[in-house]
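Taking it in order: structure first as C-alpha cells, then the write-up.
Order as written gives the chain letters A, B, C, D, E and F; numbering starts at 1 within each chain.
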Amino acid sequence: MYSVTIRDHFMIAHSFDNHAFGPAQSLHGATYVADVTFYSRSIGPLNTVIDIGLASEILSKVLEQFRYKNLDELPEFKGHLTTTEFMARYIHNAVKEKATGHFTGRISVKLGESPVAWASYDEE
Amino acid sequence: MYSVTIRDHFMIAHSFDNHAFGPAQSLHGATYVADVTFYSRSIGPLNTVIDIGLASEILSKVLEQFRYKNLDELPEFKGHLTTTEFMARYIHNAVKEKATGHFTGRISVKLGESPVAWASYDEE
Amino acid sequence: MYSVTIRDHFMIAHSFDNHAFGPAQSLHGATYVADVTFYSRSIGPLNTVIDIGLASEILSKVLEQFRYKNLDELPEFKGHLTTTEFMARYIHNAVKEKATGHFTGRISVKLGESPVAWASYDEE
Amino acid sequence: MYSVTIRDHFMIAHSFDNHAFGPAQSLHGATYVADVTFYSRSIGPLNTVIDIGLASEILSKVLEQFRYKNLDELPEFKGHLTTTEFMARYIHNAVKEKATGHFTGRISVKLGESPVAWASYDEE
Amino acid sequence: MYSVTIRDHFMIAHSFDNHAFGPAQSLHGATYVADVTFYSRSIGPLNTVIDIGLASEILSKVLEQFRYKNLDELPEFKGHLTTTEFMARYIHNAVKEKATGHFTGRISVKLGESPVAWASYDEE
Amino acid sequence: MYSVTIRDHFMIAHSFDNHAFGPAQSLHGATYVADVTFYSRSIGPLNTVIDIGLASEILSKVLEQFRYKNLDELPEFKGHLTTTEFMARYIHNAVKEKATGHFTGRISVKLGESPVAWASYDEE
C-alpha cells in the first residue's frame, strides 16, 4: 500500500456547549494542524498516489471555510460539538467529496490541536 | 475509525543485562515520549472518543510509577529487559487496565527513546 | 551566559478590531506554544539557573488566566490588540513579576501561533 | 503487534521528465527523511523486534547509494520517475533484502520530502 | 526587543566545486527550511513588528527564484559555493531589499538543510 | 554574523544528590539532544563557518564519553551536580578544546532534556 500525506493548518474559535467539557465550555480556540493521507494500492505511470499540488489545493479549499472563523457561528455546525474528532471526520468527508473525479481511494485525516493531543478519522 | 492521541513524557534509568545490547548493557537512561492512542468506531453524543482530560490523567498516573526511577530496581521489572518495545506494551496494558469502565476499545502506545528511534505496541 | 527554557501551551479565542488584519478581524483562535527562557551569568551551588519545577509552576499560573478564554473579554486586554507580539510581552511581564524573589535575571518569551509563525519578547 | 522505527536522512538531486510535474520537471533536489518500521507479533527473549544497531546499519547502507547523488544518473532509476512514493518502495525493498536472515516480518517506509509532504510504502 | 518569525521551505539542486566538500562535490540537493526573523524595539499602534501576511509574501517571492531550481545554473550564483551559510545571507539580503519601505529593522535568517544541521545569518 | 549548528544526541543515567531536586534526587536518566552552534563574522573562500563533517565528528567524539553511561560514576563529574546547565557548559568547553586549530570563534551549546525543557551555555 502506498500513501501520500499533505499538511496544512488553520486557526478557529469555538466552544463546547455541554458541562462534560469543563473549562472548554467557554469560547476559546485552536490552531489546528491537518494531515490528510491518500492511500492507493498502485501508483500508475506517474509513480504518484495523487498529484501533490492538486491535493494541497483541495485541502486548502476545504480549510478556507474555517480559516479565522468562529465554528459556533457556521450554519453547518449548528447543534454540533466541534470536537477534534468531529472536525477530522468533517474535513475527511469534504476532502473526499472535492477529490471526486481525481482520487477514489481511502483517505484519512489527522488533526492536531496542541503539541500533546490530536485526533484522526479514517474510513475503513 | 476515529482515534484520539495524548502525549506525555518521563525520564528513567535502566540497563540491559545481556551481551547482545553492547554498550547499552551498562546503566544509562532515557527521556521517553509516550503517545497513547484510543480508537473507536463511533463517537457518541459528545463527539469524543474519550474525555481528553481523563485520558491524560490515566496516562499520567501510569507514568508516575516510572518518573525519575531506575527501572532495574522496580520489582515488577525484575528479570525483564526493559526495552522500548517492552515498555510500550507495559504502558499499554497499564493504561488499558486503568481505563476500564471508561473506555473499552483498542489502545496503542508509541514510545520514543530518541529523535531517531521509537517503538510501539498495538493490540490487534 | 547560561539559560533554561520551559515550554507550555494554551488555547484561546480573540479577534483583531482593525481593518489592517484582514480576515483575522473576525473572531478566531489559537493554540499558543509558550517558551520562556531564564538567563543567568552564573549557576550557583545547585548548578541551576532556576528550579525547573518552580519555573514551570510560575508559567502555568500565568497561563491559567488565559486557558480556554476569549481574550476579547478579559478586562486587562480591553482596548488592546492581542497580537502574538503583545501576548509575548504580556506573558514576559507576568512571569517576571511572579518570579520576583526567586529569579532576578533576564527573561525572554517566544510564542508560537502556528507551525510557520511565532513572535518573541526579550528585555535588553 | 510490536514495531520499531528508525530514522535517517539523505540529500539528493533529481528531476521529473513528464509535463504533469510542472515546475518540478526541472532539476531540483530534496532532503529526504526516511522512517523505516519493522513489525513483529512477538519480541522473543531479548524483548526486541530487531536489534536497533543492526537496523540502523542496514538502513544506512541502503541510503549510502543515494547520498549526495543525482538520482537521474543512477542506472537503477533509468526510465523511472523517482517520486517520493517510488523511493519509499525502493528503500522498502532494499531494506527488506538486506535484512534477510535477520528479520522476516513486515516492513514499512515513510519518506518525508518537506515539513508538509511525505509518502509511505507498506507491504500488506 | 520584539521579533516575529515566519517559516517557508524550498527544494533545490546544487553541487560544491571544491575538493574540500568530499562527497558533496557531486550534484545533489536539499529541502531548505527558511526561518526569517524581523526584530523591532517597539510595536506601534497595531502591536505588530511587521504584517505577517506581508512578511510571508515577501519571503515567498524571494524563494520563488530558487524553487525547483539547480542553483549551479542560476547566473547570480556563478562562481559561488552555494553553502547553507551563503544562502542564508543571500536570502537575508533579498528579504531586506524587498522589505524596504515596509520594514527597516534588523533581520536574521536561519536555514535548515536537514534535521541535524542548519546555518544562519544575522546583521549586527 | 554567521552561524552553523549541528545536532546529536546521547542517553545517560544520573542522580542529583541534593534535597532541592525532589524526586530527581533518585537515579534516573535522560535522552539529551545537543545542538552545538559555531559563530563567525566571515565565511572565507569556502563560504563555510566550519566544515560540517569535522564539526559533527568533534561533537560525536565529545559525546562518546557520555553515551550509555551513568554520569554519577564518571571521575570528571565527582562532586558535581550534572544538571542540564552544567552539562551544556561541559560539552561547550570540550567541543571548544577539541576544535582548537580548526575553529577559534564563539561556540554555544543547547541541551534538550525533554520536549518541554532545555538549557544552554554560550560564551560572551
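By our rule, a contact is a pair of C-beta atoms (placed from the backbone, for glycine too) under 8 Å apart; a residue touches a chain by one contact, two chains touch by 3 or more.
Please read all numbers here as calculations on a predicted model, not as lab measurements.
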| item | value |
| --- | --- |
| Set of chains adjacent to subunit B and to subunit E | D, F |
| Least step count from subunit D to subunit F, where 1 means the two chains touch | 2 |
| Interface residue identity across copies subunit E, subunit F - same or different by half | different |
| Over-half contact-pair match to E-F, picked out of the listed pairs A-C, A-D or D-E | A-D |
| Distance between the centres, which are taken as Cα means, of subunit B and subunit A, whole angstrom | 27 |
| Where subunit E touches two or more other chains at once, by residue number | 7, 115-116 |
| Partner subunit D, residues of subunit B touching it in the complex | 18, 20-22, 80-86, 88-89, 115-124 |
| Subunit D residues within the subunit B interface of the complex | 1-8, 43, 46-49, 51-53, 56 |
| Parts of subunit B lying in touch with subunit F, wherever the complex brings them together | 7, 9, 11-14, 23-24, 26-33, 67-70, 73, 113-116 |
